[in-house]
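Paired with chain B in one complex and with chain C in the other, chain A is shared by the two complexes that follow.
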Partner chain A sequence: MSQVAEAPASRDPDELADPASYDGLALRRLTKHFGAFHAVRELDLDVPRGSFFALLGPSGCGKTTTLRMAAGLETPSSGTITLAGKDITYAKPYQRPVNTVFQNYALFPHLDIYENVAFGLRRRKQKDVDAQVRDMLELVELSSQARKKPTQLSGGQQQRVALARALINSPEVLLLDEPLGALDLKLRRSMQIEIKRIQTEVGRTFIHVTHDQEEAMTMADTVAVMNAGVIEQMGAPAELYENPRSTFVANFLGQSNLIEGTVKSRAADVVTVDMHGVDVSVPASRAHTDGDQGWIGIRPEKVLIGEVGEELDAPGNTIPGGVVSDVSFVGVSTQYLVRMPWGQELQVFSQNTGRHRLFATGDEVELSWRPEYAFLLDAAQDASAGAQRMDADG
Partner chain B sequence: MASAAGAAPLADVDTSTVSGRKRGRTGYLLLLPAAVWLGIFFVVPFYSLVATSLFDPSGSDSRGYDMTYHVANYWHVFQDYRGPLLRSLWYGALATAFCLLLGYVLAYAIAFKAGRWKNLMLVLVIAPFFTSFLVRTLSWKLILADDGFVVNTLQAVHVLGSDGRLLATPVAVVAGLTYNFLPFMVLPLFASIDKIDHRLIEAAGDLYANPITGFFKVTWPLSLPGVVSGTLLTFIPAAGDYINAQLLGSPNQRMVGSVIQSLFTDANNYPAAGALSMILMIIIVAMVLFYVRRAGTEELL
Partner chain C sequence: MAWLRKHLVLILGLLVLVYTFIPIFVVVLMSFNDPASRLIYRFDGFTLHNWANICEDPDMCSALGRSVEIGLLSTAGATVLGTLAAFALVRHEFKGRSTANLLIFLPMAAPEIVLGSSLLALFVGAGFAGQLGFWTILIAHIMFCLSFVVVTVRSRLAGMSDTLEQAAMDLYATPRQTFWRVTFPLVFPGILGAALLSFSLSFDDFIVTNLNAGQTTTFPMYVWGVAQRGVPMQVNVVGTLMFLVSIVIVVGSELNSRRRARALV
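And now, the complex of A and B:
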């Protein structure tokens, strides 16, 4: 795990805004330890106002602790939290303009839906509670359920009540702690769209904590991948997926083939790497190591598969000598495992466009990819870091 | 909660029709021991008590009693012993209120703050039961004794006058009642508070409730089932208690329990004792029904 901590900082400190004048949520050198266990280490993070931000990571990576510190439910061991220029590091939860949608919803069982939603307004002695509650119930399409108790609603409805109860307070930042974890897959998909719709409608800052990379990528404008208490990399979903900077991100967000290689030469815009006897090139902007050794990464859907000697539409990196060792036909695509001469099995996703025949186990094939899709990672990192979700998402 | 209870019988119907008869018979057989027990130790004595309360008061042990449906017994004992009767309800209510105050704090601390000491603290709540009720009440005589530490201190700070005392005052009786029935309050309160999901309290804080508001809007309503059962378990025996008044009070603090006891054992006035017992019981049952109805927690009891 030590290599993870030594991973290059995902962002340059110079890029961080000045918390005093920043209008979003700014976390600076935020640390939380429980006894000897460091849940969050010196975290620096800017969440722009009005963005849909996802904190993505495996369980135990510190994302929920970070969220709870933002909500005021945990006190940071050190560091600061500022919101719209105001230091709220030690403000009580009921004193900060931040609301949370809890993982288990935490609806008040003794109050009906209407009173659950009105709770925050009543505490702040707001006027026209009734009109606001009705509007909010309308927004989450629960007007007809207003007088029911939480236990009488389905999981998806309870989820929407939790959202309404938090949103009605017009918080500067809405924190969502794995809000869809308890729902089944189909409901989860529709709630993802629903929450995204509501976020666009109200234009508030949403911080969404999840371990589901697909959920993070579909919902958020910006995803921060967190591991072992630090942020590994942060950016737009496509940027993270296409150009991961660490093996953890490469494996946790989708799947990657990581192949050992030795750097042969570095030019201004291209790095040439010897990959088990084949020279492959990687754009310099996608090479994230200074060492002589590295992991060449390529996403399975970027790898093209063809007959021996076939001209593939990918000038540059062609690797001969593969033997198909496994074929899974999934309809829109076919997933191959191809054993390479050096013994490693590479994954290849091939669209079933009909231009190629399906290969069978034992066929000899050649692989190829466009150099601009490859990336190069630090050899010191664990090639299987973050890969535990491969099967679940395949 | 109501929906879950409503759904359960529906599910039962299907299975019970399959082997309905056999199941029914087994059910009654299983009920039998408890029914016999209740019959011998509740129905028969209760009938006997009701009957005794209606006997002709002019009877005696030697001449025997006649059943004359003498309802006037009730009116007479009520007139004669109205003082102790009302005093009992008043002392019982006071003791219950103090128990609730002390017990809630204690139960809350055990449930939410005790951490790994939780079980030990629960044992300590029950530990006094390992010694006799009488011994514990008698030891309060030492604590509240006229030249004891408590009285001397209170005299020194002029809460009590220089000849003031605690023994043989209502303070001593209510203190004794509070002490003796505290565990009956703490245990149901603990069971109720312990069940409260801590995240609900966090949610209240997140939704702009300061800790005090959060307590009264979330924790307190969710602990009501424990409050109702705790107050009942405390008030009922406290109102009927006669040991505390006898050991710590004076005749001026006589409670209805001691009156009933002396009517039965010293005066041998069985009809009056029976009638007084019935009055106490009827008052308590009426109060409990009203209370439970008002608290709106029938389904939670």
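And now, the complex of A and C:
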């Protein structure tokens, strides 16, 4: 179920479903360019029916363009879009069973909430509009606001109207374009739970476009990380987080320490890498490069920190010679920066379990991690790709 | 002195209002005038005669009727054409769009006397010298109202994001339904404003009309003509009526927008 869209030459076509018989949404070699700018490049993607799917990536990565092509609001330059076996690549937006929750909701300001929600039903001359609208308003808990105009509602309420207005049409696929971007943090958290609840309740396919990695991981059962018009990696949130295949994914989803290493030997199930004089081992299933060089990756919370010579609960990779260069105490955990003998500063998140004393700046420490948590990435990739600045919104 | 300083702004404001309203006050007053002589413009006595016999001079009423007719027709023509042009200029990418945007401004900037005389030259050159009248006036009025309509509707459209139309299409509205259900209702205030502006521009126009009217007389031309030999007091009645109609429209739209604003609280 997890596929990686790599260079077209190395793609394994067997991994993708046959669009003609697939009951979900299938994008094949989908490309969109605006003049010389390639927004989406030969994208292959299967979105299973009934799944909550997130397209995650930084702004400008092509995720919104992909969504708009699925909605019919943008015409692909080439490639196909198939929904439940039917080719809808060039179908008009009003001819496809797909509805969108727009980024700024795009509620009709001259219509009240009731009429906004009824809009799609009325266009398709549906019967019992009234009962359906009432049910839908109940689902999003806005029954008492039916006769108000959109501008009279709060941001969160408007968001729910936008959701109701799209969902009432029982679309095969519901597209959500950064639906929570305009809300404040607290409201965003509660809407994440709300949308997830509604998705479970109605059981429809949701495709959620976002640049917020936390939002994607909390809500979706499958996340596709997009960068520069291609999908870097796709899978369950935990799988992406624990076993990233590129430096971009390693940095964009959470944070990673990426350390230069030289491959010494490759066994069937383990790769041994020389990391600045220390041998560390990486499971073969987590080594994503065939080269002699690589980035050894380890998540900050997987790194253990201890006194020099202390027996740490992590057989295998122990790296001596660290000096604490920065300490941030955040209550449940402490975040350290540890300067290593080769000059690099590694991040360490240590749970405040009380087993260890708090280290201070200048303390000499040893680091360690369980080999099964490490991963090995292609040395040719930029170690800072996808790293989010501290001031980036999210 | 301190009192004066404190109320200076208010006093000046009131004076400006008085200044702007005195002519209108005179018009209203004169509509009740019982003049001793047509040649002396002076309030001689109160009467309702002018109001009861508006069409005492049938020429005035036929000129008035013609002006209203031309006003309504040119409003309709200019509003439809101008609205379509505004949509094209805002919603469609085409070669020469920015040039068209500039050109549409020129008739507003050009002096009326220039517009009027060049139109006359055009009509005469095209062989319509003998047929100057109702139709040439109408063509001229539609032409100079058009720019104002385009500018008014364009600004309304430009402030409206096309996401709403995309949302309508996404919700199964065909392009035609999208236009009538979403676009048109949202642009309507702009179109209405443009129509009102067109009517008053057309009704009011003297220079361009006079040059292209031939033997036809509109209301402003009639007033100009009779001014030499004494304006009938009924002209003031018409003036007062026009003023009342504008007040009703302004107050009506104000009340309407207040009602909407209240609904938004």
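Keep in mind that, in the parts below, the second predicted complex is superposed on the first by the 376 of 394 C-alpha atoms of A that agree within 3 Å, B and C clash if a C-alpha of one lies under 4 Å from a C-alpha of the other, contacts with A are read in each partner's own complex, and residues count from 1 in each chain.
Convention: a contact is a pair of C-beta atoms (placed from the backbone, for glycine too) under 8 Å apart; a residue touches a chain by one contact, two chains touch by 3 or more.
Just so it is clear, the structure is predicted and the values come from calculations on it, not from any experiment.
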Touching partner for A:Gln152 - first (chain B), second (chain C), both, neither: both
First (chain B), second (chain C), both or neither touched by A:Phe119: both
Contacts of A:Ala71 with chain B and chain C, given as first, second, both or neither: both
Contacts on chain A seen with chain B and repeated with chain C across the two complexes: 71-73, 92-94, 98-100, 102, 104, 106-110, 119-120, 123-124, 149, 151-152, 165-166, 169
Footprint of chain A on chain B - complex, ascending: 1-4, 197, 199-200, 202-210, 213-214, 217-218, 221-222
Chain B partner contacts - residues on chain A that touch it in the complex: 71-73, 92-94, 98-100, 102, 104, 106-110, 119-120, 123-124, 149, 151-152, 165-166, 169
In the complex, chain A residues that touch chain C: 71-73, 92-94, 98-100, 102, 104, 106-110, 119-120, 123-124, 149, 151-152, 165-166, 169
Of chain C, residues touching chain A in the complex: 161, 163-164, 166-174, 177, 181-182, 185-186, 263-265
